[in-house]
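The next part holds the structures, each set out as structure tokens.
In what follows, chain A forms one complex with chain B and a second complex with chain C.
Now for the complex of A and B:
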């Protein structure tokens, strides 16, 4: 007996319980119609990605807001709102041609004026990582409604990698000009130019998107509706997948330890693609200001003391790849030819002995605090694993627990010895990697800055030159050099390139098509 | 109308007004003390909303933190923040959540119905079944049916509420597929008002039963011992001697007297029930106040957190008053004593 029969038995109206009629009609090639049910957790505070860049906001808002470019899995630019673009040989002038007939959800046309207004005015105010790049724009011109020309103050190669919809979402100028962007009442309607528009948001329950009829790409969107359900409890999210109530999951929706079991479900495929742009890089942060962590031999010893392969398999259920250094293999300019640190308790002990850190009568060489990063259940287990691993070489870890706000505060204020950190690479080492190691970014109170306090003038110089170099060959050479120095110095102990499982209903097509995966517009997604 | 009677009436009106004024002043004082205490507690936790937003955005800079802290008024010293907050409380202004871009009052009003529906259902369910089961156990004390009820209620009492919720989901949603596992209504299906009500009721069953379980156990055990107490008193023997039927004795004589401790405990626990809803609302994705508190706490959304705490304190004070009133209805001696 299922729910419907049970309801009938009790004499209840079964219509409301019969599930969602998909209403799918087969068109040429791709199927039209249908409702995509998926999960969002935690629930975002608002939907305007230009104003709030918390992860769930970006996932949901990607359907509402678009940007000039998209990126394939190798981070090569492909058309977004711009159908073509040109970079001048001196690397200073970028010219974009927009597709014609792009409209916002309120029916007004999107023009080059909206692009310039958003990128040079709004994002400069509201987008912490966007403004680092867009502050380099010296001049923005709109010779006609479909052409945008940006002139940079000096060459900055990653400019072309910063135009995805999580970094440069375009807002309507006619709604935001002259207002306080954060307090604009129109934020509630979240008016963008994406293939879906907001129909209803029942806070605490779900966000309901329907198709934007005036969308400019022919045929898109294929789906009629997308529903993001807020399901705060991990076990309930697992049930939602098992029962087929949702057709897609992303990021940490499914706890790592549930992945092996749920992967056996016949109606889902599991893919870890679509995180190439963010390329979440996980490491153990060692506060370089505190003895004995100021000695590179100690940090190298930690690198040798951890069986990272076992940790990846047992704690993260194989969802990731061992990191070899500061740059992820998914990011541009990765170089695998660097020094490697194998798992060896003996090498670790030898390094510690060499620096004169002898074990006391209780076998402990040093006692350090480990601040557990509370972003996932797996991190707590990983902390216990590390405590055991480092205990074997005489490094005693005292585990400290807190919530996300407490962690952020302590970590940003350098009030920690060791902690886990997960940092996005944002497609280019100049954007997502340099910030962790350059000494000009040692800033107390700021997360994702150079919190470890590592400082090396040579590293500073190489990162600086690589950011402004115009040829890819030159940049590769500089980044290869910097990778070799950093891997020798071990400012932080790199662990994994973290993967996230997307459970995707097998009927769905084109869900993961770009380097930002589930954050993409979903205009091309269809049932079959 | 004589001058004397006007004076007497005036005196009485004055006395009542004085009592009311005293009560209002006490109420305001209690609320202000609670508000101050809440403020200190909430700000004692490490971290602030700006750091949380930075932490979940994967990037941060000085400008972002400064902007957010200024919006929340966190750039001012604590005493000034507290004074601003208390001034708002007095003027019944719950404040504005910059995070959610909404007034706190609208956020609470939006979530309150769901929580009231859930807790009221669970509370009635627990109270009603607790009284019935406890009475049954009490009048059959020592028999096997009493033993079964006592053991089951003990088990329920010892079960963590989230675990029970998950187990019920596993049984009724995953295995049997009879009841929805989460949410408060089927989303994306056009429904008439009646269908919608039925659908919400359908979603309500599992969370309400899970939330009710622990309280049901408490009331059953309490009622059982209370019934046992009353059964051995002289007036029951008298009733039996008069030749009254068993059913009539239970309803008219035992129940009415045995109810008093239940009402006291239930009154105190109605507040705790709202707290228990935090866990159940999370497990069942029920869009109520409990979830709002939990999210606000993790995000350090101070205005929302303080607003919900304040509203809940007021609800608890109101419920205590209601308990007093019910006490008088059930036990006439209370008002007699109060009057004399």
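Now for the complex of A and C:
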């Protein structure tokens, strides 16, 4: 018996003895140990989520950086770094009590000073989305190392929804203070306070995380290692799942058309939970400046003319839900009691007739351009579907193709008639919804602003009042009103609340436990 | 007449011609065979061949694959023929000018031709279509631009061969204008190899168009074979028929045109046909 054979034998007996794969041992109801292999695509440029907020960075960095709060699937806050919090009745003062014994990966303790430094200094410079919210902080105080008190300039209820680890990850003050945050050499080590720390990042291959031994939550993390493998090719990612090489996929790792086939694999569970915070909302953008799209009857007709149920089934393989209006049903303050638009060619034609848009001798009422968003194949299929749907009521769509940069530029510069758009809602209508409809956000050249050019003073007023109202009941009332107005006006044609499939190895526990799903820390994730 | 007779006796040429005529017939009768818009979703998606009313199955949106192939034949043939005509006009003009005048004119024209020959044709076509936009007229233009150099070189060679001949010299001596000499005296005698090369260019034009559509650079408003394969490529493991049938259509058409071209070559070339 040579050395290699001996090692093999040893390995075999170890597996036989433990009885569970991966050589992991049981403890406290959850199993300790094991390596989670998963996918990241595209590979992120950096791991520091405070500095870069691209999707892959947030997914990977979520294991390294934590924030004050987490959110359950209904977007209600639950403890993160803060074990408790209080909001003053006037909605101006927020007091957070931190858990004791939190340490960074370099062993230094995390205190209220780090929280204040990150939220009032670093994020103000590096986080475009966070900046808008945290600019409302008038005063930040740390009466003791475990207490943080924020005083806002004026009430802003979504403040409490902006403290997840993709919006407000906490950095160590002792490393970043007084430096150029983006160029700090410590960015390569990505030192946070999450349950995992960076061991190695082989660019183009994989990112390797190991346990942070000093993690403050008892028992966590359960896993020994997490390995994010960069697999740029879609077909290879599918094969990795089929062969069981990875135990988890997220977002668009698995293309929609592969989902029905792979869902039949016995060792994976498929879940679409964990995207509630982002609530990706899909719609067809109609340029409200261009005739006849400036008439709400035309936009309503488009809404009636599309068989969205068939579109969802045929193009997105059922991965989503029909949208009823501007606010996703996953987001807070959603109201389902709004006007509904059923699929009806007759109603669509009647509306177009009523506005005087009669069909010409060739049956066409109007010819419009449709700019295909080249982000995915599904978007091209969707464009073909829409052309047929609208063709049936006499709206002739001419499809235009371009590359991603060209699409973004044309769209942002309002040089389009119709196009598709997908926007995140970020947990609160004030953060992710208002921006599409308020007239103060009609900004040429900026993507995901009010590109359609819809303007309604009443809608502006309601969104503004709802953002600063302090009671949830009052906010619900205002948002319900605004939803009713928008659904009547149809500034954009809402299609789906897009779902993304997470393929999860059936042995894994607690993968999706909060509204940010796969971006969460994974401290509680375990094999069995 | 004798050329026609000898072509009719050419076995592979005739097979090619029959297949090609079948494709042309399909293209011409497509609006009657499949009166619906080929983009219409007429059935359930992912239906295999020979399901209800769908001989060749349906695609991922439930569009009839057979209807797509019939209507795609129109686009493929139109693009093949018109872009070849475009490249013939460019290539023959340049080749004839260079070959007839020789000297400095020839130098300049051939350097320009070489410039185009050194750039890989398909890459240039992609670049052109991506820049000027994927519309059918632009695609025809792009294919014409990348496929004229061989025609120009061939025409030039034929012209250089013929312009020293006595009948050409005689015409020049009689005081006929260069344009007349070129069009009436030389071109008719140089036409057979040009026809052969041109017929083969139709096949390569169809291939280029399919490849462009496959890559998503086709006209998004026109159903074409390349588009069908490109769109079905991602689901090939679930639904082979969506890409196999348009693929067969391209294969058969291109093969048929090549066979016809070969047949023409054999019958039009005096040295070979006399042996028969």
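Definition applied: the second predicted complex is superposed on the first by the 507 of 528 C-alpha atoms of A that agree within 3 Å, B and C clash if a C-alpha of one lies under 4 Å from a C-alpha of the other, contacts with A are read in each partner's own complex, and residues count from 1 in each chain.
Simple rule for what comes next: a contact is a pair of C-beta atoms (placed from the backbone, for glycine too) under 8 Å apart; a residue touches a chain by one contact, two chains touch by 3 or more.
The model shown is predicted, which means the values in this text are computed figures rather than measured ones.
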item: Clash or fit, chain B versus chain C on superposed chain A; value: fit
item: Touching partner for A:203 - first (chain B), second (chain C), both, neither; value: first
item: Which superposed partner A:243 touches (first chain B, second chain C, both, neither); value: first
item: First (chain B), second (chain C), both or neither touched by A:423; value: first
item: Comparison of chain B and chain C by chain A residues contacted; value: B
item: Arrangement angle, chain B at one end, chain C at the other, chain A at the vertex (C-alpha, nearest 10°); value: 40
item: Contacts of A:337 with chain B and chain C, given as first, second, both or neither; value: neither
item: Touching partner for A:401 - first (chain B), second (chain C), both, neither; value: second
item: First, second, both or neither for A:388, with chain B first and chain C second; value: second
item: Touched partner set for A:187, first chain B, second chain C, both or neither; value: first
item: Distance in angstrom between the closest Cα atoms of chain C and chain B, superposition on A; value: 9
item: Contacts on chain A seen with chain B and repeated with chain C across the two complexes; value: 403
item: Chain A-touching residues of chain C, taken from the complex the two chains share; value: 37, 39-41, 45, 60-62, 130, 133-134, 216-217, 220-221, 231, 234-235, 237-238
item: Contact footprint of chain C on chain A as seen in their complex; value: 255, 257, 261, 310, 314-315, 372, 374, 377, 380-381, 383-385, 387-388, 391, 398-401, 403
item: Residue ranges of chain B in contact with chain A within the complex; value: 45-49, 51-65, 67, 71, 98-101, 107, 110-111, 114, 166, 169-170, 173-174, 176-189, 191, 194-196, 198-199, 202, 282-288, 291-292, 294-295, 297-300
item: Chain B-touching residues of chain A, taken from the complex the two chains share; value: 1-3, 6-7, 12-13, 15-21, 35, 37, 42-43, 45-46, 52-56, 125, 128-129, 131-132, 182-183, 187-188, 202-206, 208, 225, 227, 229-233, 235-236, 239-240, 242-243, 245, 278, 402-410, 412, 423-424, 426, 443, 445-449
